[in-house]
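We call the chains A, B, C and D, going by the order they appear; numbering starts again at 1 in every chain.
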Amino acid sequence: MDIDVIISDKPLDIMACVGQVTRPNAGGIDVFIGTVRDATQGKAVLRLEFEAYQSMAIREMRRIAEQAFAKWPVHAIAIHHRTGVLQIGEVAVVIAVSAAHRAAAFEACRFAIDTLKQMVPIWKKEVFEDGEVWVAAHP
Amino acid sequence: MHINILAFGIAKEICGGSTLQVEVPDHATAGELKQLLTEQYPRLGGLSSFLLAVNEAFAAPDTPLSARDEVAIIPPVSGG
Amino acid sequence: MDIDVIISDKPLDIMACVGQVTRPNAGGIDVFIGTVRDATQGKAVLRLEFEAYQSMAIREMRRIAEQAFAKWPVHAIAIHHRTGVLQIGEVAVVIAVSAAHRAAAFEACRFAIDTLKQMVPIWKKEVFEDGEVWVAAHP
Amino acid sequence: MHINILAFGIAKEICGGSTLQVEVPDHATAGELKQLLTEQYPRLGGLSSFLLAVNEAFAAPDTPLSARDEVAIIPPVSGG
């Protein structure tokens, strides 16, 4: 299985992620790019801070890619996640999936980001003008 | 036995640091440790949820603990 | 509606397409990249040739983007299609969709490529060692 | 009246060029022109499908034609 997983505190390179899954036998690549939004529920966000349980997060990201390989006929999967302080518009996550046919690429990519958000031990703190909130921490 | 525990995200703030040591009975389970942590740090009980990881994998309540395990408090994740 | 449609006989620039939809209020961008596969139904492909009814294709691509805006809460859509002779691995189409939330970006992007393949007057000729075939022309 | 027609993809090969001129009765419809083209170029009838576009939009069979229209033969598309 052709899996590339990275957690980095440096800016992510979208084309490097795409390049990791480009194959001559792939007809379609789906790429999801998660960026830092300037507001949440109508409130202006100044910046985000991402913290990861790095060793476990790498394991979980790899496990998600393995599950996607088991579910769909895909050629390669790359999952790159950023940590540290991110400004508005910066890229927090890039997921690229290549496949012979596009349906598998779309479905595996969607599965990967949905599952990452549920399972991977990474935490996001939203910093506002008047305070900070760990996202999803409280009901 | 002593268990070394990693805390992340809001759990780090609630527990007052990114590592802590907790004393548990020998042969304690992850579920018992979770109970003990909730008593010691009541604000953990106010989270949407929290899980324990043992050796970098999510732990079921009956997972047995040993002194050499890497245990982590995993508050609700929010990556991506 | 924030729509960018291009048909070009020059190599497509994936990051230029992504850049067209990047917005501070977008949290997710889905990108589909269609590349030239080295084989079709087990037969080696040497290269592809794309021909477009350019003026109508531009109209139809724009109409697809407008339909996507009507169906999903998306911020911006870019659809770039290549024409002319393409070698294996080259990029034939790039579609990028940004939205506040990822579900809309994924669904609108999938809709755009699916509908493009059904409706946009662009034709692909596969060139093999021993001949050429206009794709989908015959039953 | 004379109708100028654009041909693309395999239709260009079947019709022997990227433009052709066809003589149709005044007030002819797209459906009638399609019928006439199929008689003149029987291999068009062997395609999976083919449509006519009038002024850069897919035309219904009852779309009326005029001499100034831009008409195109659209064989099965395969972009993307």
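For the reader, a short list of remarks on this structure follows.
Here is the rule we go by: contacts are C-beta pairs under 8 Å (C-beta built on N, C-alpha and C of every residue); 3 or more make two chains touch, one makes a residue touch a chain.
Model, not experiment: these values are computed from the prediction.
With centres taken as mean Cα positions, subunit B sits 25 Å from subunit A. The distance from the centre of subunit B to the centre of subunit C, with each centre set as the mean of the Cα atoms, comes to 48 Å.
Looking at subunit A, residues 34, 113 sit in touch with two or more other chains. The set of subunit D residues touching two or more other chains is empty.
Taken pairwise by the contact criterion, the protein chains link up end to end in a single open path, with no chain closing the loop.
Counting only pairs that meet the touch rule, the chains in contact are A-B, A-C, C-D. Residue ranges on subunit D touching subunit C, taken from their complex, read 6, 8-10, 13, 46-48, 53, 56-57, 72, 74-80.
Considering their complex, residues 14-15, 18, 22, 24-39, 88-89, 100, 102, 105-106, 109-110, 113 of subunit C touch subunit A. By the touch criterion stated above, subunit C contacts subunit D in their complex at residues 34, 50-53, 55-57, 59, 81, 92-93, 113, 116-125, 134-139.
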